[in-house]
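One chain, chain A, links the two complexes that follow: it is found with chain B in the first and with chain C in the second.
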Partner chain A sequence: MKDNTTIGEREVSIFRKMKKLVYYLRLAPGVFWLVVFLVLPLSAMFIYSFWTMVNFELIPTWTLQNYLDVFVRAEGLYLKLLFKSLGMATAVTLGAIALAYPAAYYISTRGGKYKYVLLNLIMTPYLVSWVITIFGWRMVIGYSGLVNTLLMSVGLISEPMKMWGNWMTVIFVLIVSWTGWLVLPIFVSLEKIDRTLLEAGEDLGASPSENFRKITLPLSMPGLLIATFFVLIPTFGEFVAPILAGGTTGAMIGTAIESAFKRMHDWPFGSAMAFLLVIIALITSLVLIRKAGLRTLMESL
Partner chain B sequence: MRLGKRIISAYFYLFMLVMYLPLVSLLAFSFNDSLSAGFPWRGFTLRWWEEFFSDPVALIAVRNSFVLAVAVAVVATLMGLGVAFAIVRRVFIGQNVLLSSLVVPIAVPALLIGISLFVLLRVELGLELSLFTLAIGHILVALPYSSLVLMARLIGFDRSLEEAAQDLGATGFTTFRKITFPLIMPGIFVSMFLAFIISLEDAVIANFLVGGDLTVPMFVFGRLRRWEGLPMAMALSSFMAVIALAVACIFLIRAIGPRLPRPSKA
Partner chain C sequence: MKIDVELKNVTKKFGDTVAVDNISFKVGKGEFFSLLGPSGCGKTTTLRMIAGFEKPTEGEVYVGEELMTDVPPFKRPTNLVFQHLALFPHLNVYDNISFGLKIKKIPKNEIQKKVKEMLNLVRLSGYEKRKIKQLSGGEQQRIAIVRALVNEPTVLLLDEPLGPLDLKLREEMVVELKRIKREVGTTFIYVTHDQGEALTMSDRIAVIKSGKTLQIGTPTEIYDRPKSEFVADFIGRSNLFEGSYADNVIEVDGLGRIIVEPEPHLSDKRSVVVGVKPEKISIGRTLKGLDNIFDGEVKETYYQGQVTTYRVLLENDSLITVVELSSGAKDIFRFGEKVKVGWNKKDAKLII
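The block that comes next holds the complex of A and B.
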């Protein structure tokens, strides 16, 4: 009698364990993908960054030369590119957030029942490929584009301005193309602000600008951090805009990495640069997401 | 104060205008009867659109893009469902590690995802690059978005509904079909939409993984890089933009309801 129950219990517990195992099988494809196509490739790249390439062949040498090269090769050109990219990414982030904030503020305070319609309208252009958007901007501010033609026909300028093909073009195109993207995270955080706080501030004699500085702005901080995350990271590794809009002065570290792989076929050197970028991007993201919270990120998707 | 409100309204309309300016100009110039892209205006023509619709390479690029995007949407969402259910409903060892590594594909510039996969698939494993290798990359980037969106949906899920169904005698599968699935449907919809768009608009990962099979962004990228055959590329680009607008309209009609979800621009 007693034996029977033990066997029964054991069966039940094995059955439970099996059921549990079957449940976790649903994790398998996702975990497999992350391990094989994320962890493994990044590790391979990391290993390559210590090798050398001679006559198009990889030789496992275990040297730090590639990393050293990032700092010294071509008289520090790559190091300069790295800092330049950081600077440009920061400028783009600040510019895009500054442009997006008033728009998000408008929708949040004046949108009424059309809030989501307006948000959708702002998102819609982002369904189109980034390459196509840059193409469009060339039609607007290019040499024979809309702005030049307009200004010439009004007589403000006599010759087309050269607005396309330098580092400022890259920054401009990135700012105007990113800014609509940031309206949502900022909007979400503005919506969460308790309006009674603002009334309380008013009652206590705060001016609207004081209210904004001391209540609205600090409370929308999580949204701003997520917005920073959304622009800063991809802009830092940007290579489409520099190639299509950057001319000779618009090169960024992403362009250098691309050409190390695709043109120079110097994979180890490219890997070293790429890995430095991975480290910087990951640390920055970690700090930003930690501060803003994963929850804010989820709500901003 | 009134003035302030007017300024912010005016700013907002200007903002909207700037958002649409590039796409509208592309569409307009795609009807310009000129061999170069841009002004001067030489009259209205449909020849670039005709050229696009009769160019086999461009049409294959369109087909490739859509087939790939649908496949990525389905696979990434299925994977995302598995991950989201396990993370939200169970506690297991390594949960936080999984959660953090889920964010990595978003926290690393797409360029590096493309390059590292190129290193593994092409250099290390010697695979031929194709739509297939590109799908691997797109699924990897779409997976975090799918998982996070579905997790958000599952966190707000009232589990007593499932328990009630089971108390009333429903089997596991019936419960899923009649209760769980309808309730997470919006999440699935958003996840598929995000993955679809991520795949459809990517040119960065494609630049490293697609090899000979063209997708639309790669087709346009190639023409822009060489600065040739642009009028037809404009027609093709406008075609994609019009489709995007049509998709957005579906959301707009159901407007006040769901918000248009946003994929990564990375």
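The block that comes next holds the complex of A and C.
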């Protein structure tokens, strides 16, 4: 009798362990993906960021000099670049939201049965590679582009305006390339608003504009936070647009990282900058996720 | 009596469908007025026209003796309690209740005082900071009612607000609503498909079917003297018999004669309908001393504790409903049993 019980208990404990094992095994593909594509490259970068580069040779050292350099090298140029990037990313975010919100609002409230057709129409241009989009805009607002040619031909201007190749061009190009994507999360959050809430507001004396301020806008906040999340973080580290459209004034921290790796061959310094960028992005993400809630975020993806 | 709400020949069409068909009524100050009817009868559309969310295709709507037909909802002295409440999920209880007052730019200390009074009224004092999600169904209900009431509307409109609640809570809320009505004295217009709610709470009821008012009257008038078959059936689920009238007797095909009270102004041979309420019908193996007694066979039995409801098949192949108070001494009749059913002539109401 006693033996039987012991065997029973042992079986139960083995069974429990198996269950646990199966549970962890199910997580394996996801963990594998994260490790190979995120943790490994980030760790490599993290380790490099403490090394030194002497005569194009990586020397494994443990120094914080690279991080310090971000703040002091070239008379604080890199630090300024960091802040400038943050400023430009913020401007892009605000600009893109300002364009996307009315579009999303219009589709959601007036779209009727064409809602999804309209959404698709907005998304379609984004099937084109984003580098091609930039060149497309160059043909429109570039030195000898469409706008200049047209204005000169009607005699409004005597020589071409320099609209291409500065920091404003970068902001413009980034705004137009993000707006379409932002329509989606904002649209989703607007669609979730119960329309009778607006009737309730109206019934309680709110005019349409008061209704928008007091009901629609606050209830679409999750969508706005997600939109911010979408744009702010990738734009902060952007390097394609500054290189293709930024000229001399359009450089961002991403450009500096790129040139640290490719032109200066200073991998440790590039890694340190990149890692700082990752940390800033991580903090911003956490703040936004905390505000919007992970669930709302996942739902609108 | 001062009139708070008046509808004059109001018609509402949605495309080709007529939702409300030439409705007129007046609601007096302080009255509890119910619009009662089955779903899709146009009662909610009528209410929404008073609130301003729908514009009548024809006719006029007056609130507080002013013409309101073209006034948008946010400028009307009406407030609506929505069927699904429509409380603002992003605001707490205080901000929900004060929503309308803040828009009217009422001083903050006065708003605080009023919100407090309102929460007292519905016995939810101290709930100011609660989130809507943290409230139970009944609590949300009360908040929705005071969110509207706090604006001191000329008329409070209620669109089946008890619909989503379970039975027990609904009964509690009926009592609560009556009490609130008594304390604030505001005019209430209440939309419901539940005849019990309407009968319990209303001063007057308008029974609506297919966009038309069939009868407007006090609960007792409507219950005891229905003017149409529909009203008789809908209120109290009367058993209806159709036959030709002659000399205090109605001849029903296949069933026989039903004795009724004399109706002097009815001409002979006229086709009439007579309604008998289920609770006025007696059932038994033998019956004595009743004016009308018929044979029947029990088809369905629902023992409901307090009462037992039977469906009994009569000889003219009609099924009637009989509700009897349960008591230990009485037998419960089962499927297939032959029984007698009967009622007195005073309980058979002619519907003309």
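Everything that follows uses one rule, which is that the second predicted complex is superposed on the first by the 271 of 301 C-alpha atoms of A that agree within 3 Å, B and C clash if a C-alpha of one lies under 4 Å from a C-alpha of the other, contacts with A are read in each partner's own complex, and residues count from 1 in each chain.
Throughout what follows, contacts are C-beta pairs under 8 Å (C-beta built on N, C-alpha and C of every residue); 3 or more make two chains touch, one makes a residue touch a chain.
Everything numeric in this text was worked out from a predicted model, so none of it was measured.
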### Query
Just chain B (first), just chain C (second), both, or neither: which does A:L174 touch?
neither
### Query
For A:E210, is the partner it touches chain B (first), chain C (second), both, or none of the two (neither)?
second
### Query
Counting only touches as set out at the top, which of chain B and chain C does A:P234 meet: first, second, both, neither?
first
### Message
According to the stated criteria, A:L224 is in contact with first (chain B), second (chain C), both, or neither; which is it?
### Response
neither
### Query
Of the partners chain B and chain C, which touch A:W130 in the superposed model: first, second, both, neither?
first
### Message
Looking only at contacts as defined up top, I'd like to know whether chain B or chain C touches more of chain A.
### Response
B
### First (chain B), second (chain C), both or neither touched by A:V140
first
### Query
Which partner does A:A200 reach: the first (chain B), the second (chain C), both, or neither?
second
### Query
In the superposed arrangement, which partner chain does A:L42 touch: chain B (first), chain C (second), both, or neither?
first
### chain C-contacting residues of chain A that also contact chain B
none
### Summary
Interface with chain A, chain C side, in the complex: residues 51, 53, 72-75, 78-80, 82, 84, 86-90, 99-100, 103-104, 147-148, 151
### Query
chain C touches which residues of chain A in the complex?
194, 196-197, 199-207, 210, 214-215, 218-219
### Query
Across the complex, what residues on chain A touch chain B?
23-24, 26-31, 33-34, 37-42, 44-45, 48, 58, 99, 102-103, 105-107, 110, 113, 116-117, 119-140, 142-146, 148-149, 176-181, 184, 208, 229-230, 233-234, 236-240, 243-244, 254, 257-258, 261, 267, 270-271, 274, 277-278, 281-282, 285-286, 289, 294, 297-301
#### Entry: Complex contacts: residues of chain B adjacent to chain A
1, 4-5, 8-9, 11-12, 15-16, 18-23, 25-26, 29, 36-40, 78-83, 85-86, 90, 92, 98-99, 101-113, 115-121, 123-124, 136-137, 139-140, 143, 145, 147-149, 151-152, 194, 197, 200-204, 207-208, 216-217, 220-221, 224-225, 233-234, 237, 240-241, 244-245, 247-248, 251-252, 255-266
